[in-house]
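Chains: A, B, C, D, E, F, G, H, I and J, in written order; residue numbering restarts at 1 for each.
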């Protein structure tokens, strides 16, 4: 039996395929559905689980070189929420850009993890490795 | 967009098929894998989500007429944990039986929801409706 | 067993994937078949069920921010029918446009619910959430 | 375009395979889910559609030689409801037997049509043709 | 058991999806194979069944608003054959155009019924409903 | 393009797998549906095609060593019909047995060809090759 | 059991779909693999079977109206080999063109038969029927 | 590109799974079809390829510890044919048993290679490795 | 990108489903193929990778409560090889039993990892968790 | 049982389809995941297996006419590593080009073998045969 780490077979399968230049999306409760992108939906109800819980789960064994979030995230949330997201991405450059621009990156992603998070604009595009 | 309730498409699909006499299993982190049973795995890491979170999510719109748990659950857990499980099954008769007996009911289930719960013996077989 | 709400597993599965910006089509008996769009067909015979029954079923737990119908709907139906559709979309802006234009929106939809409705031009494109 | 009759592609496909000795089940809202039986689910919400609507839809172009229902149906429903079901099966022998016995016939069925009917014990096993 | 009408499950399933603006092709023995178009092949040997038999089968319960055939059909066949096809499409405008032009319509069809007909150029593109 | 013989791709694929000891069923319009048996349905409407047409199609390039039909076929049909079937099986021993017994052979078949034949009890179990 | 002709179920299935204007490729041992083209591979080892064996197998019951081969075939092979290929295509116009041009026709083919032939440039694009 | 050996991708895939105790069947033209056994059919027409060609192809890189053939093979064929089969199985014990007994071993096989061989009873069950 | 641990997506997916009482097989180069058991084949050529490499890969994050190997392993290998296997299973009871008995456990396994190991009888059945 | 060579069924199946002009990619641990390319992943953990082990496995029975690697490979690795790769491609022209250019060739590949190699830029695009 597995001792530690991510428990979900589909998540592990997806994450093992995120390699140099591959994009991964972590999505909140209301982020659009993208029929062509492999999606692992681990949502239960509002707030379970959160995007921060996914980021913490990724932290121990997966690294990313760049993160993108919507500028609207900064406006719509408290400084506390903003700080939690920054802390959850230690050493990873986080770029804020208009939500409409950030969504243009999504079709290049090879996977999307959907949560039940209700935080406003709590979606990330994560880039893995170097070009 | 959906306003309230369970968010997960696969969970909703499974739950809509739990009808009179159908059995549903809620499983913790370590409960055996059953290749022949439709499984919705919403686990992330240890403790996310919990079996109690699933039971609370089911409470508003699904009712069950009987629940089975392992007697070992009573022995291995604190009175607080025991009380939380009982509270999460209001009005539903909860029968404790040896873990080995409880597992004999599983092959009759039409679905299993797997969580990341680390509570000892935190597995339930839920019976829906009347014979 | 499920207490209230939509009973159909495939419908629930589709609706749980209608999120911000996603489009859903509710179609009458004769609306074209679109091979590339996920379709849940709940028609039985003429008039069973109706588009209004689907709209009422959606009302309790799903919200939409915009609706589109054909202008021809206004011409071909009685004021009573028109009033029923308006009432079924409370608070949702309803835009009428030429049938040919409204159909150009359909390829962007991620799902279509087909009914047995025989009302003339009783088709809607519903938009979920905000951009 | 089809002029009259059953509109649903999956229903038509199933019904065209109900031939001599083949069994078909018409199920209400709460009848058990049978994973091994081909199921066409046309339910929307409670009461839409009804089992009687399905029986009426079948009447014009499908004939059956025997019907089985639960004795409990007779006890739990009004004489009006009972009369409607009898009228919906003109010329078809209708046998009432204990619900538990009637359910033993289900595994031999090659298809099941699920409705949203909330009438108590509104389930039928229909036999097609002669041995 | 089904009393009258088309008996073939796959044909019924396809025909139930031919709605407003949808195109259906009826093909003879030698009409090209189109890998991307859903095909129901009911051919047995030369001349079994014929395109006229399919048209007669469609007549009772399906209506079309336009038909296209190759001009070459007029040249290569007897007046008797031509008359039979016209009679099989009562009230449906039948337009003849060069075979090469008629084939350009085929990729828009959502289904093709293949027969064993050996009549020269005995292929039709049928349009269902109105735009 | 194929010059002569059976035209149907699925029929050819099935028949190429009928070898020593393999059983093939030719079925009329109302013969039961057997979910576990590979079925090629070439029926259109009543009487199209017939079982005799299938037997004639098989005659040129497929041989069988034994045929079984229901005794009821002899009782329910005219001597003319009986003669046509005998003639269609030249040199193949044809054994009549009770319909219920003949149906017990069907689960051993590896394929079934369904026609639209309305002749009473016009079903055959054909045995290919030697043991 | 089948008496004569091509024995392979997949080959028969493919060939029954080669109709007017459809292209078929017969390929030697080393001809490129085309992921998008339905391929029936009947190769065993070098030289088993040959392209000529396939052409002879096709001769009795399939006709083609045009064949294309690489000009390089003429250069790289003996007159004897060249004569055998010409003889295997009686009455079928055979056009030689640069190998690179001939390969541009392949994406339009609906099927490819792969052999173990080691003859240099022993690949054909065969056209069936008329436009 | 592959230099030598078996060229067929499906054959290579099957043979790589023949390990200790696994059974492989090499079948002639008329050997029964077994729906439950993975079959690689490389037949073209009568006599192409032969079972001996398959045995020779296997010889260089696959070894077997036991072979079974029908006693009827010995009776129905010439001494020359018999000698060729023995020579093709160098060092492999070859046991002859009644055809009916030999066929009882087939359901345990994990694969079957079908040829076009017309030699009488030219079928083998090959056992790989040790128990 | 993943930092450490098992890299193979299919292996991770399988291992995440090995929970209490579930059995996993690690197989050498020649261990039988079991068609009904999910198999992850990571073999390349003889000796790549080895069973010991798999055991070491499992060590950091998966624990097992029991291991079974063939008694023949002890006889056929050197003390050095025996010691390496024992060392690779620290704290896990290792039971030796006749190879034939050990293989009887395999059908209960939910997964098998195949290596290229050429060590004699280098196969293990691993049991996860407690009953 | 197979005597020598590549043991992996999926690898053998892929390699048998690498023919004239087909491209094959050998990838290290971190090379991007390409969803549209058939991938055989034989990685276990870091360094198992290596790209050199795959190249050696290919050497005996597969030949290639051209190889491409990233120029960055030359800069980031020792002369010893560089020499090993050159030696593993005897007689195959090896062209170094910017990593970004080399990756542009990948979408034309029909297969990718993923290893666990941790050597910097240890990826190859191999071309098979001649144009």
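Rule of thumb we're sticking to: contacts are C-beta pairs under 8 Å (C-beta built on N, C-alpha and C of every residue); 3 or more make two chains touch, one makes a residue touch a chain.
Everything numeric in this text was worked out from a predicted model, so none of it was measured.
Between chain B and chain D, the least number of touch steps comes to 1. Set against the Cα centre of chain G, the chain with the most distant centre is B. Of the two chain pairs shown, E-G and G-H, the one joined by more C-beta contacts is G-H. Chain geometry summary: the mean Cα position of chain E and that of chain H are 47 Å apart.
If each chain is reduced to the centroid of its CA atoms, chain A and chain C end up 32 Å from each other.
Each chain gets one centre point, the mean of its Cα atoms, and the points for chain C and chain H are 60 Å apart. As a whole-number value, the distance joining the C-alpha centres of chain B and chain H reads 52 Å. Touching two or more other chains at once are residues 1, 4-5, 7-10, 17-20, 29-30, 129 of chain A.
Contacts between chains, counted with the stated touch criterion, involve the pairs A-B, A-C, A-I, A-J, B-C, B-D, B-I, C-D, C-E, D-E, D-F, E-F, E-G, F-G, F-H, G-H, G-J, H-I, H-J, I-J. In the complex of the two chains, the chain J residues touching chain G come out as 17-22, 38, 110, 129, 131. Within the complex, the chain G residues that touch chain F are 1-5, 7-10, 12-20, 61-64, 128-129.
The part of chain F that touches chain D in the complex is made up of residues 29-33, 35, 99-100. Interface residues of chain H, counted against chain G in their complex, comprise 1, 4-11, 29-30, 41-46, 48-49, 53-54, 56-57, 116.
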